[in-house]
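We call the chains A, B, C and D, going by the order they appear; numbering starts again at 1 in every chain.
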């Protein structure tokens, strides 16, 4: 009369349970865990690669004209993100980083938004006004006739 | 004075309070032991109290095509009859109302909670409950046979000595017999009945390997599917008290003796023995087996435990 | 008389009902892993209940597909008060990558107010447990409001 | 005056039948009153006999046309009512009155109502006659009238083909049974040249010859056909199912009780063969087989009345086992169960009639959710179902419990085990009826089903209350009704003594008049009143705690309009009609015993010649048994 698992059951009755006591010590996520997104606005160059490459379209960008360029705010909506880390890989400036932070609990949508704004300076005005090109000289005409 | 003692018995020791507290504590211990056997921490021992009071706070929804009165009366009837049964079970020579009922009556009173669950489930009008009832009834038929045979064996065994040959169904005589010559399970002819009865308890209580009537996954808690709030709290309480009553009946039948005579010590001893019996009969099975199908339960109960019980009946007739 | 005990009960024993509205089962197996020995939500009193009538917290996972839409509404209506709706993962929050598909009927808050949303795709079991603990507080507030 | 009570009790019913035949269709109210007066008068006369017979303990004898026996030779027909026949007479006349009251409204929709009442009164008169008579041939005549009246009543609804078919089957098998009884009567008459039971009992006192044993065997099989014991039970389900419910209540209430009385009277008083172990074993074996096959067949049925019919067979198995034990406790249990069976089986048949009256069908697969529309019938059904399956506070429990104790004390452990399992299966089949007919979901066509009129509910309530009272005061029932009857059965010398004059019996019996004292501790352990007081106190305590805890039922949220919250949980689907009932219950049991059920299905094939063959085979087997074993 073979009783499966009876030995293990009784043995584990007297051994320490293998439960982590979660609330007291929060275990670190393993290496390379794709958790909460952190956005470094200063590195971003507003190239839009992340928007193009984000499958669920969780990243939105709003640009508004400011006197010395345009104020760009990137908004990562964690509620829509699938944490695939593509944005981090494709960002040329490594501005997006998925941390190991996994406790993302929110009661309203606002807490799930990760925003970063920066001002992208417009290109500086050239010190010298650009040279006007001379009026077309005579020797140009004949070149066109014998083409 | 006698009446006051009787009221005290009814309301406190073997009656309302003891059943409520004892039943829920026993259920808590059972859940804790099960968790420990699965290497997890498991809920605190008084978790069933939390469940009970949370359910009391919930809203009670009565479905539209339920027969309202039967739907709401069923849990209360089950609870009250369970508590009356626990009044009749003697505790080591102390039995407040033992002259009013004996073995057959106790066994039949124990069918009332099962029938209350069935009537409650069928009154809720849900198809899941319908399937749950049919399974519950087949479970009752399956465990009734071995239980009845082992009880007849005990009755004959005790009757041969005390009742000049004719069998006796009186529980106090069974306890007295064990007081004279040791608990029944030490007798050779009683060991098969002991094992058969041990196997009957999980199905009677409806614990895991045989909880086909209240299978959470397949038929969403069977007869209890439409219950919420206070009636559901009472049904969960019934489940716990049934565990307490069945194990203390088992202790009285097989493990009792003269006891220490002081009521409090006897009560605690009986409770501890019930915990041991719960561990061996319900928790171990819950930890290592999966749920059986309905006709497998019937086949199981009508072969192994019935054969064991018949063996002990024959041994008793041979006067062992 | 039992009010204090009921509050304690609600805190210490909330029963979950898992409602899968078309999820990719990533969140479902994470939810089930919450009750395994390693994470063991049962020590906080969480138990998966078989029928919505027994549930306090309804855990919805998956974008609301058109098939599961009216079933979702009907099952949510059948849960007795006080009840809490928890969205598991990004899909119920914002239909994640399935946004805009012909058979997805939009995020969960079109049909029921989401009390707690647990981000992550799939969220880690610890995140789910933290979310559930948060949901239990909301449950108690709802009970006080109901009184 | 007490001298003429027995004949008055019988004649009022016959005169009632005659008057109703005269009234015909002309005046309905007059006919109903005549029927009511006739049945009520017969009940009153039986009640009036209670004081002299059970009160003072003597036996009323009445010689037709006062042809007293001359030189110890009984010429005329004698009526003799002792405690046993009065015990049967009491609950039989009561159920006749209740059935008459019930059928006024129940038969209203049928045609040919006056024929119904004539046959009704003829059948009840013949049963009363059979109970009170002390003459062998008169018993045969009464059995004959009863059989023909019940055959005609079975086929009362002649617009339904299965009713006519059942009537034909019943007359075929019934007449075989009656002819067996007639043959036995003729043989006994040829042997002893008298038809008076007492005189035959005197001469038969332990001098059995082969011919008297032959007569005994035929008589027993004849009455077994009337009582529908197992091998001869095939006709009963068809007859009960198609007869109007008020009549099938009488079938299971009084017709098979009369046959049980017949067996008791013949085996016990006339042949005094009860204390022969071989006869006891035959009856116990027959009763146990009847019990088991009756209930297993009932589990497989999915028509309400057919299921009840099979249950009557299985409960009669209990009664026969109880009587077969021939110990004091056994006979008490058997008689008490006969009384209880008439009460709760009559109640259940009336419930089936109410369901038929309200919905027009008794097919469990079509019914559902009637408790919401017919709450009182549902409650009455629950009381009936609980008392038949032996749940403690009701009367079924007490009598079954006595039979268990008696059979176990008498050393028949397997019989006790089978009896307990049969009782659980009875509970199972009534849970099946409750779920498929009364609870569950209400089909659309029964949306506006109404509760049955009051005149049908009154008899149902009376029987329900009797069921409860029978369960709560078992000791008073036994003291005033059943123990005297059991004494009368155990001590047949007094029966002979009173009938045939003072010194006739002393020639044959050495111990006259002292019945073995019945030492049974019936309710030694089980006082239902104490249990109910406990139950009441606990209920009070529970409601007190609940109310203190701020719990009041008005908080229950319940509403009738279309709102998903109050629909039944279908795991999300819209709550369309899906009622679990009828034949899709107890799959586990049916699957596990599928070979047994297939065999039973093959045996019950509805062919009359097979039924007749089974009756003849039983007669052969019983004859063989009686010749070899009974000495």
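Remarks
Simple rule for what comes next: contacts are C-beta pairs under 8 Å (C-beta built on N, C-alpha and C of every residue); 3 or more make two chains touch, one makes a residue touch a chain.
What you see is a predicted model, and the numbers here were worked out from it, not measured in a lab.
Remark: the per-chain Cα centre closest to the mean position of all protein Cα atoms belongs to B. In whole angstrom, the spacing between the mean C-alpha positions of subunit C and subunit D is 58. Chain centres here are Cα means. That of subunit A falls 86 Å from that of subunit D. Rounded to a whole number, the gap between the C-alpha centres of subunit B and subunit D is 35 angstrom. Of all residues in subunit A, those touching 2 or more other chains are 17-19, listed in ascending order. Residue numbers of subunit C whose C-beta contacts span two or more other chains: 2, 37-38, 40, 43, 51, 53, 78.
Shown for subunit B are the residues that touch two or more other chains, namely 35, 38-42, 56, 59-61, 128, 220, 225-226. Here the touching chains pair up as A-B, A-C, B-C, B-D, C-D.
Subunit A meets subunit B in the complex at residues 3-6, 9-10, 12-13, 15, 17-19, 21. For subunit C in complex with subunit D, the residues that touch the partner chain are 1-3, 51-53, 68, 70-75, 77-78. Considering their complex, residues 548-550, 563-565, 567, 569, 571-574 of subunit D touch subunit C. Listing the residues of subunit A that touch subunit C in their complex gives 17-20, 22-23, 26-27, 29, 35, 55-58, 77-83, 102-107, 109, 112. Residues of subunit C that touch subunit B in their complex: 2, 5-10, 12-14, 36-38, 40, 42-43, 45, 48-51, 53-54, 56, 78, 80-82, 143.
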